[in-house]
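Each structure below appears as structure tokens.
Heads up, the next two complexes both have chain A, just with different partners, chain B and then chain C.
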Partner chain A sequence: MKSLTSIFAVFKKELKIALRYPSWFMQLIIWPVALPFGYIFTARALSGKDASSLNQFQSMTNTTDYITFILIGTTIWMLVNSMLWSFGSRLRVEQIRGTLESNWLCPVPKINIQIGHALFDLVTNLIFVIVSLIEFKIFFNFNFAGSPLLAFLVLILSIPSIYGIGFIFSSLVIWAKEINSMVFLVRGIISIFCGITYPLTVLPNWMKSISKIIPMTHTINALRSVIAAGANLHDISYEIKFLILSGIILMILGILSFSYTQNKAKATGSLGHY
Partner chain B sequence: MKYKHYLHAIWAIMKKDAKIFFRYPANAIFNILEPIIWITPVYFLSKAFQISGKNIGFAQYSGTTDYMAFLIIGDVISSFISSVMWGMGFSLKNEMDRGVLESNWLTPVPLLVQLVGRSLFSLLMTTVNSLIVAFIAWRIFGFTIGDGIMKSIVVLIPLLIALYGLGFGIAALVLITNDANAIIDITSGALNILSGQQFPVTVLPRFILPISLALPITYGIDAIRGILLNTRTILPINIEIGILVTFMLIGTFVGYKILKKVERHCKTVGNIGFH
Partner chain C sequence: MSGFAIEVSNLRKEFIVNKKNGFFNRKKERKVFTAVDGISFNVKYGEIFGFLGPNGAGKTTTIKMISTLLMPTSGKIKVDGIDVVKNPREVLKNMGTVLTGERSIYWKLTGRENLEYFASMYGITGKKAKEKIDYLLKRLDLFKRADETVEKYSTGMKQRVALAKALLADPKILILDEPTSGLDPQSALNLRQLILEIKEEGRTVLLTTHYMEEADDLSDRIAIIDHGKIIALDTPDNIKKSLNRTNVLILELNKWDRSIENSIKDIDSVKNISSKFNDFSQRWEIKIHIENGSKTISQVIENIVKHGIDITNFKKEEPTLEDVFLDLTGKSLRE
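Entry: the complex of A and B
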């Protein structure tokens, strides 16, 4: 019960800060359309005025609908990006403001503070996905060829992997005392290897091998199959199994790395350094 | 004498920024890696449309099959845009968070001079970064540019000065809202997209194209591409340069006036310590 109180206290604090700085609302409205916008019109320019280049794209992706293809990739990328910023920056901001030490002196498990943040992110990410879908429908005539519930299931199954990476990431930020470059690195790996804008077939073989072990590649593949090609549960069973397994492994690794960092920081007294 | 002091102040701010920058060496490396990370997915996207290694479809809109050269030029210019925005707006927010903004404002150095100082180191690093990034991208992805580099720099200078006007406006907004990330992220992102960083603006829908054509930065990027790649430009290059010079004069004047007004307002209300 005590644990729940601390988790909800963090949730309440985050909500207060979010309402105090409402400009995030602008980002929520603008970015779901603005980020894919650049890629979609690049694809439009690359496809040319006749059909020859678009046919080439179709031969690799089995679709000429590059808009839906890109929207799915960029939405997953934005979810991961927002998770990285929130997990990494919250600890870092508290480090800079000098409140991290006093928060860590509270008699609650430190992981509860992170879980409180994660819970808040979960709610904002859910709002983000709903806003994105509405905007995609309005601006890009986005449609589900397959089951929206199955697509939702893929998203839910991806959460443990995404949050596991988040826990590992927040530990890294405490170590490196730097957030910007760490976010750029991790989200960069995802944007390069997970095929957010392009079919994985264009990658060299060594890059394909790396992309296959990143959970988000499987999230994007499964969502593209369900939303664009109407795949059913059986068709994406491999991706589903991969996401469950990677979720378990990454969550365990995340909690372990956070506990290790916490103990190490306490022992060396380096929490306040930045 | 006054100006000599201002130069001293600018030099001190640049030295401070350099110290902070090199204190976090991971930043220096990632400033180079980050553009490559942005370029790579677009490179692979372009490969998905290639026929026999050439972007034939792209040439139908732009006049060149070398999409990577087109992209790199857009990327270099947009990194200057971001540099001015973040260098001015975000540094104000940083100082707000660290609680040093008020004491800086109490020094006998005008806010304008402080802002210019903050953006200069950022611009210097952007120039160095852009050269390194362009070299790495040339080695990894391969592209060809023509021999009009000097002429393209002549176009870049009024564009950069004009961006300072925009930077003053952004700094004013940050002071009013006490928030930087969202404002700079959206403004910088929207400018990059609408001015054709990644694609020729002629592919934009009719209702967005007028916004794009109203942005002087569009003509800056277009003119530099026309000079270096011989692409089809929206207007004759001389006219595009004329638009840039006009923008430079009006933009810096209006940006300066807005900033002065907001500075007066903040001093009267006394809100710069709130965040």
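Entry: the complex of A and C
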């Protein structure tokens, strides 16, 4: 019960601080539409005036709906990007603010503090997804070819992988003491290897091998199959299994790296370092 | 319950310092820096124990080890009989800590919201939390502005919010790291009064400071620390009495240089000299620790006059903790 109290306290504190920065809501409204526009116009130009090259696109993706294809990729990219900037960087931000040690002086398991941060991030990301869906409907006439519930299940099953990476990332940031370059590195890898705006079949074989071990590739694949091509649970069973397994592995690795970083920081005194 | 609120024995903290030799030269020089060098002391229940020393002496490192933020290299620390390394969470339940600086609270939250957050982290919620927070806000004179964000507070108010945070769980033991650092004289005075009131409630206070007057005024006992070692530990009076044989002469002169200083140092019973130039009076203030009373005073004055220097003021003072520090280390606390 006390653990839940501390997790909820962190969530409430983060929410109150976020509400004091109203510009935060502007990006929530602008980015879901602004980011995909550039890619969509590029795709429109490449498909030709009579959309003649869409057959080629369909042979690689099982759909001609390149707009939905791009929207799914950019949305997952933005979710990961948001996780890296908020949850993944939160410990470092607390360290820079000078409040990390104050939190570490509270008699609670320190992982609770990070779980509280993750909870806040999850709720804001849920709002982001809802806002995105509304805007996609308005601007792109977005429709679900398959089950929305199945798409939601894919998103839920992706959470442990995304936040497992977040736990590892937040530990790395405490070491590297540099948020920007670390975020650019991780989201750069995701941009290139996960097929945010293109099908993985266009990648060279060595890149495909790397793509296959990144959980977000499977999230994007499964969502595209369900939303754009109307796939059912059976059709995406491989992706589902992969996301469950990678979620368990990455969460364990994330918690271990957090625990290791905590012990190391206590040994070196780096908790209070700027 | 153990005999002491805080027991520290043979505490040592070493840091590995890696010095890189440029980007292309991957060889690193590894050096071991000993911040705390095998110190031992006990803090009694209900006392204010002052930890006095210059910046970088090892005070904050010791405090961080006691408050579980830093792992000792070796040695033992018990707080209220509980080992801080083996059971840090239990230790934190009975201990409130105010760290140095004003950034230990959230500036984008109000004073009340900060206290609500940290109360929840101590498991204090609902009506009990509200009553406790209202009481602390009133007691620390923050109530009227409790619903303004902390960024609008003065440094003194921020420090009081940090103190209120440390008092939320009604701790038996309070650790204050440089609590008046950066405060204006009136705010510092008010905070010192509060610390004395906290002691009157029966709490134990471990206080670090580099202000000797603060340590002298507040502490029942003082440990003077320098280069990671405790060089004196007793009541302020006893520590000052240890300098009984020594008098302190304070002279105001129109001129001063190294050759005069050396000639006075050559007098056998002169122990230490410190000097500073007062920009306002345009005079040198010289502090000389001497033994042997009047005979030495005559020699010192004779020496100064011989160099053609005017003595514009002269007084003999009782030794302070600053003088003790100077006597023990040969340097000033503020150096």
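The rule is simple: the second predicted complex is superposed on the first by the 268 of 274 C-alpha atoms of A that agree within 3 Å, B and C clash if a C-alpha of one lies under 4 Å from a C-alpha of the other, contacts with A are read in each partner's own complex, and residues count from 1 in each chain.
Keep this in mind: a contact is a pair of C-beta atoms (placed from the backbone, for glycine too) under 8 Å apart; a residue touches a chain by one contact, two chains touch by 3 or more.
Here the structure is a predicted model, which means the values were calculated and not measured.
Asker: Clash or fit: how do chain B and chain C relate after the overlay on chain A?
Answerer: Once chain A is superposed (C-alpha atoms), there is room for both chain B and chain C without a clash.
Asker: Report for A:17: first if it touches chain B alone, second if chain C alone, otherwise both or neither.
Answerer: So A:17 only meets chain C here.
Asker: So, A:269: does it touch chain B (first), chain C (second), both, or neither?
Answerer: In the superposition, A:269 contacts chain C only.
Asker: Quick one: is A:188 in contact with chain B, with chain C, with both, or with neither? Answer first, second, both or neither.
Answerer: first
Asker: Classify the contacts of A:97 with the two partner chains as first (chain B alone), second (chain C alone), both, or neither.
Answerer: both
Asker: Looking at chain A, which partner touches more of its residues: chain C or chain B?
Answerer: Higher number of touched chain A residues: B.
Asker: Going by the contact rule set out at the top, does A:53 touch chain B (first), chain C (second), both, or neither?
Answerer: The first partner, chain B, only.
Asker: With the two complexes superposed on chain A, say which partner A:144 touches: chain B (first), chain C (second), both, or neither.
Answerer: Neither partner.
Asker: So if I put the vertex at the Cα centre of chain A, how wide is the angle out to the Cα centres of chain B and chain C? Nearest 10 degrees is fine.
Answerer: Seen from the centre of chain A, the opening angle is 80 degrees.
Asker: By the touch definition at the top of the document, which applies to A:175: first (chain B), second (chain C), both, or neither?
Answerer: A:175: touches no partner chain.
Asker: Considering only C-alpha atoms, give the closest distance between chain B and chain C in the superposition, rounded to the nearest Å.
Answerer: 6
Asker: Identify the overlap between the chain B-contacting and the chain C-contacting residues of chain A.
Answerer: Shared contact residues on chain A (touching chain B in one complex, chain C in the other): 21, 97.
Asker: Touching chain C in the complex: which residues of chain A?
Answerer: Contacts found on chain A: 2, 5-6, 8-9, 12-13, 16-17, 20-21, 97-99, 101-109, 263, 266-269, 271-272.
Asker: Could you please specify the touching residues of chain A with respect to chain B in the complex?
Answerer: Its residues touching chain B are 21, 23-24, 26-27, 30-31, 34-35, 37-39, 41-50, 52-54, 56-57, 60-61, 93, 96-97, 176-178, 180-182, 184-185, 188, 191-192, 195-199, 202-203.
Asker: In the complex of these two chains, what residues of chain B are touching chain A?
Answerer: Of all residues in chain B, those touching chain A are 24, 26-27, 29-30, 33-34, 37-38, 40-42, 44-51, 55-62, 67, 97-98, 177-179, 181-183, 185-186, 189-190, 192-193, 197-200, 203-204.
Asker: Give the list of chain C residues in touch with chain A in this complex.
Answerer: The contact residues of chain C facing chain A are 15-16, 61, 64, 67-71, 89-90, 92-93, 97, 99, 101, 103-109, 113, 117-118, 120-123, 125, 149, 165.
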